[in-house]
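In what follows, subunit A forms one complex with subunit B and a second complex with subunit C.
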Partner chain A sequence: MKNRLKVLRAERDWSQADLADRLEVSRQTVNALETGKYDPSLPLAFKIARLFDQSIETIFQDEA
Partner chain B sequence: MRQPMTPPMRRYLARFVPAMLAYVGVLVGSLWVIRHLAPTGPLLWALAVAPALPVIAVIAIMGLYLMEETDEFLRSVLAQSMLWGIGVTLTVTTAWGFLENADLLPHPPLYLIFPLFCASMGLAQPLVRWRYQ
Partner chain C sequence: MTVASKFPKFFATPKGRVVAGLSLAGGVVGFSAGMLIGKLEKGGALSLETLGWSDILSGLIALMLIATGLMVLLVSFSRKASGRLLDPLSQRDATRAQASYYRQQGVVALLAGLMLSAPVLLLAAQDPPPFELAAAVMTGIVALFLLQTLVNLTLWFRSDELVRRVISETGAVTFWILQGALFLWAAGEKLSLLPALSLWDAVSLMMAAYLLISALVSGRRGLG
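Moving on, here comes the complex of A and B:
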């Protein structure tokens, strides 16, 4: 699933490790999310949305 | 590039290493007693099965790690790798059994099946991870 994680992270000047720390996940997980090849669970998606103060739909776009 | 270990990974290692050391100790001890003191009856049964107990502990330790890992992506990679391990193990042992039926292969000790699972799961892990690069 496509997402804007990389852009949102760059806007805040965070490294993948910074974002991983804030989400309490591994850097591998952030990397897999950013490639769009790993879709987060609903709880992690909500955590990401809250961290960036945006709705899930504005961060993740399903290509249906 | 390598990740620092998550707390569940550290717990896994703290359990796995003593279990493997126990395995080596119990295996050597059990073989020695059986060979030199030639026990019989229930004692022989107990001594013969003893090396399996730390191996069973390792299986439980792997299951505990899978349950305790809070990082959902790492958990997913491990679960998929375990499925590959199961698939490879069932494939090899099924094919081997039929080849053995035709006297083409010898009968291997069954305790090699768990190392076969571990090896195939271990080989699958980088491949599963690579799919998310």
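Moving on, here comes the complex of A and C:
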């Protein structure tokens, strides 16, 4: 699954650690999400969407 | 670009420096442990000749767990070192909560190593061990097991969803591989085609498989 996390984070000038603090996950989790190695759970996806004030589908796109 | 030309560049990165440092530490620990075991064997305190392949395997795993656990435990007492060593790509010190989380991970690895090494060390020192000594060691192992289970459960609840996913996937993959392999071995053993495996053999194999699969799953999920 592709996502725009890195772009959204860069727009706000946040480091991976800053975003991790806001999402209450580890920096490694943010890195894994950005590099597509890990797809978030629904609760985490909703949390990300709320943080960036966007819908889940504008942040995460199915590659199929 | 060849692998050789990429090599120095890798060691110039924060992750590369940590890998180099850990490799050096691993070499020192392995060499020191080898020297110590050699001296103890020469002095008659240990006898490795009576140990089987699974004792050697679990002994090596235990040594690795103890060394890793001690290293993580020591590093976790400095928030600066924790930030640099345990998450090399992070550009800041570990928080108090992160350092305490790392400390717990170190304790879990250390306790696992102590539990795994205890029966092997006892057998290497005295085979067969006297009942009283064996019972005392077993009591210690049960106490460590209960403590480790508690710390492990606390770690699970403190972990975020990526770590929990890695633990779950490692458990699932290890189960599916081992249930197949052990079933096939058991069938061969039942038919008198293969030698018998002891429970200690199976546990040593399981620990080795779990650690290997854990490293692979962690790398695949970006935790490596």
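Here is the rule we use: the second predicted complex is superposed on the first by the 64 of 64 C-alpha atoms of A that agree within 3 Å, B and C clash if a C-alpha of one lies under 4 Å from a C-alpha of the other, contacts with A are read in each partner's own complex, and residues count from 1 in each chain.
Just so it is clear, a contact is a pair of C-beta atoms (placed from the backbone, for glycine too) under 8 Å apart; a residue touches a chain by one contact, two chains touch by 3 or more.
Since we're looking at a predicted model, the values are computed, not measured.
With the C-alpha superposition on subunit A as described, subunit C and subunit B clash in the combined arrangement. In the superposed model, A:49 makes contact with neither subunit B nor subunit C.
Judged by the touch definition given at the top, the superposed model places A:27 against both subunit B and subunit C. Using the contact criterion defined above for the overlaid structures, shared-chain residue A:37 touches subunit B and also reaches subunit C. When the two complexes are overlaid on their common chain A, residue A:15 makes contact with subunit C while staying clear of subunit B.
Overlap of the subunit B and subunit C contact sets on subunit A: residues 24-29, 31-32, 35, 37-38, 40-41, 44. Subunit A contributes residues 15-17, 24-29, 31-32, 35, 37-38, 40-41, 44 to its touches with subunit C in the complex. Taken in their complex, subunit C has these residues touching subunit A: 87, 89-92, 98, 160-163, 165, 220-223.
In the complex of the two chains, the subunit B residues touching subunit A come out as 3, 6, 70-74, 76, 129, 131-133.
Taken together, the subunit A residues at the contact with subunit B in this complex read 24-29, 31-33, 35, 37-38, 40-41, 44.
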